[in-house]
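So, here's a batch of structures to check.
Next, two complexes with chain A in common: one pairs it with chain B, the other with chain C.
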Partner chain A sequence: MTPSATETSGIRIQQLHKSYGSLEVLSGLNLTLAPGHIYGLVGPNGAGKTTLMSTICNHTFHSGGTILIDGEDPAENAAVLQRTCFIHEDQPYNDAFSVASILKVMPNFYPDWDEALAQRLVSRFRVPVERRARKLSRGQKSAFAIVISLASRAAYTFLDEPYLGLDPTAREIFYEELLTDFGTHPRTVVMSTHLIDEAADLMEEVVVLHEGEIVLQADVDAARSSAFVARGLADEVRAFALDREILSERSLGRILSATIRGQVTADDEDKAAANRISIEPVSLQDLIAALGIHTLTSALTTENR
Partner chain B sequence: MNPSMRSLRLYLSNKTYVVAVPAVTLLAMVVVSVLIALVMGIVVGLPLPAAAEEGFRGNLGSLTALPGFLVSVGALAVNRNFAMALAFGSTRRHFWTGTALGFAATSLVTAAAAVVLLALEKLTHGWFVHAHAFDVVAMGSGSYLKTFGMTFVLSALSLFLGALFGTVYRAFGTVATSITAITLGVVLMGLVALGVWQRVRVIAYLADWGLWAVVAIIAGLVLAVAAASYSANRLATF
Partner chain C sequence: MAFSDDRPIFLELADAIAADVLAGLYPEESQVPSTTELATHYRINPATAGKALNRLVDAGIVYKKRGLGMFVAAGAPEALRRERRSELHTHYIAPLLTEARRLGLTTADVVDLITKDQS
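Our next item is the complex of A and B:
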């Protein structure tokens, strides 16, 4: 195990601002990420997910605020940055470098580089090692980024939409390998993703970014238990909901599927059974879609208190 | 491992590109020079007579063969390798120093290749046909030391020029890169104009110091361009 992975104090960000000209991408963002957890960074396109990870790793400069990794400013700080790994979704590679030549040099950057894991992942993802990295397909590039990120064993690993272009089988391999490796070598993993439900089982905490601000940081299980879905005849479901807030509705003929705020009680279950209403857990993605990000903030922060 | 060494290893990870190709390019220049001699030989006979051989001593192939390729190596190294090194947890300054060491390695190998080719050229008396590629005025007329020095500083200047363009692009974008290229062109023209204006002093200076004066001037340019590249690199972003 990398000792630093369990001895760190995590990432602390205060009042982080980042602007590109007149466009403010991050606006006074505050965030604390405790070490040794898997975080899902979600939000719409342009919310600032990649920019946030780039500023943390000092790939781009922030316009204001402070970033601390293990209590130190990462800017030009070799001791801190060498514990990070952040392969961008559109990572450029030297035109002349093959996958094999890049993999060969990786142990120089990461002393805990796991060559056996790298080889296994290359084999499982079928990454063509003799091909030049820039010639890889979209899915192969994502797979290659996963190989480097996981085998690096970096204490702070950032994954930028790692599933892009991966087929369902490859995505399953990724999820399986991440969980297996995280189990034996815990570290801080920050993963930006749009596939919220698919990745929800990996995440311990979800961080929702919207218009440059963190609008939610919550335990995934707590978030999912903050609402439920009731499905049945429309009138019955509305009567069942009574005075509770219906966050969203989907109708199919006379059947209504309603996402209702709150937790299911034993009384609810009895009532639902009596009225032939099925009670189902809400998915994280549906919850975010149902509430809208701004409403979600108030909903979940209320639930978490 | 020293953080700078990581970027040096990254630079050297494709040795064919940064070590072999420059040397092979010089060899290709020799082949072209010999082919030209063979064509000339159709008219004046082979091996080339003294007059034709003397003309060959003005061959500038050794000066012009490499810069284009090496500028692209420098630009690509600080552009693509920079993005890779940052992704792999490097700092900007360690990336730059490691890559600068790589440039020095490429320049050393290229200069060594030029010396070896010069030795072969002398040994074979102009590749058996009295052709000259390295035993030329521009390289010190057969001096191993001057050939080494001239090739080394020219290679380094090309690499660091490419690095300057690459880092300016990373730090400030395409417009700034164009402005830098134009500014360097204007400065170069200004230096040429200054040299022409002060030609009497320049010729006297060159007479005293010969090719070493040119090597020293190019070395000064290397330092200036390297310093500018380092400064720009500190502001470069992904």
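Our next item is the complex of A and C:
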């Protein structure tokens, strides 16, 4: 690894605004990302996830506020920007370039580029190197973005829905390669995802974006222990939750499952057992949906009915 | 091993490694997997794997050799066995009796079943 001149101190964002014409996408967002952590960036479509990553990496200009990467403003700052890597989910590749020709110039952009890793990933994901990048299938585009992101060894790597179109085997390869490489070359990884429960184990912290603002940033375990599900007869569950905040409810006949804010106390357990109520943990995805934030989840549930 | 959603992953992972120590899969003074090996194998965040190992360090089951990795402490299997024995009641006997009562069985009925099982 090339020793970088600047100490890696993380990303600090304050009062970040971004508008496209009259449409305000980011509205005074504050966020701090520590070095060497894997973050999950979640939120409904249109929440501003891609815009946020794009703005941090200076692919688009912000309309207000400050971004500091290792204490420096990344705007027009090549030394800082080469420490970031962000491949858009729908990266518009030039029609003339093949996968191989794009890979060949990558070391010019990323001083820590690892060619051997790039070659291994290309062959594991079976990315057709002779094909023009523009002509790749959805899954191949995602795999190619992963190849560039991991091989860049950029101190700040942003992955925009990296699994789109990837089959389960390719997703497994991605998770394995990410964690293996992270082990030898720790860096900050920010991954936007809708597959919250599948990716939850990979994340150290989850950042929830909603209408251009951060509404939750928490350690995954801490987030999951901030609520629980009580399931039993509707009246008994309601009585049990009388002085608690119910985040969401689902009923099945006479049975009610309520997601309740707070931690489970020993007293709760006794009370639940006495009233035929079972207490279950909440999944990260359910919690985020329960917070009224993850509209995608409810859309999917409706579709499945 | 698949993680259940019941408890934080680092607790489940720490218990799983402890169970392997107890079963003799990792003998005393042998090396246990590193944070990166655990993270890659189970597809979990390295910090989570690190938390599991730290928990085992705090419990005196593994210890750190600087620059080499984590090793099973001498006497760890015996310590785990003692701990598990003291938990036999809370984890197995109490739930068994609760279930028996729900089914209308007395403690004596359960004792009968256990005795029959052994003969």
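Here is the rule we go by: the second predicted complex is superposed on the first by the 232 of 305 C-alpha atoms of A that agree within 3 Å, B and C clash if a C-alpha of one lies under 4 Å from a C-alpha of the other, contacts with A are read in each partner's own complex, and residues count from 1 in each chain.
Everything that follows uses one rule, which is that a contact is a pair of C-beta atoms (placed from the backbone, for glycine too) under 8 Å apart; a residue touches a chain by one contact, two chains touch by 3 or more.
The shown structure was predicted, so the numbers you read here are calculated from the model rather than taken from an experiment.
When the two complexes are overlaid on chain A, chain B and chain C sit side by side with no clash. Shared-chain residue A:182: touches chain C; no touch with chain B. Contacts of A:37 after superposition on the shared chain: chain C is touched, whereas chain B is not. When the two structures are aligned on the shared chain, A:88 is found in touch with chain B, with no touch to chain C. Here chain B and chain C are compared by how many residues of chain A each touches, and B touches more. Of the two partner chains placed by superposition, A:250 touches none, neither chain B nor chain C.
In the superposed model, A:281 lies in contact with chain C only, and not with chain B.
Look at A:102: by the touch rule set out above, it reaches chain B but stays clear of chain C. Contacts of A:221 after superposition: chain C is touched, whereas chain B is not reached.
Closest approach of chain B to chain C, taken over C-alpha atoms in the A-based superposition, is 26 Å.
Common to the chain B-facing and chain C-facing surfaces of chain A is no residue whatsoever. Residues 1, 3, 5-6, 9-10, 13-14, 16-17, 76-77, 79-81, 83-84, 86-94, 237-238 of chain B touch chain A in their complex. Partner chain A is touched in their complex by these residues of chain C: 3, 5-10, 34-36, 39-40, 42-48.
Against chain C, in their complex, chain A makes its touches with residues 37-38, 172, 175-176, 179-180, 182-184, 186, 201-204, 220-221, 224-225, 281, 283.
Across the complex, chain B is touched by residues 54, 57-61, 76-78, 81-88, 91-98, 101-102, 104-106, 108-111, 148, 152, 154 of chain A.
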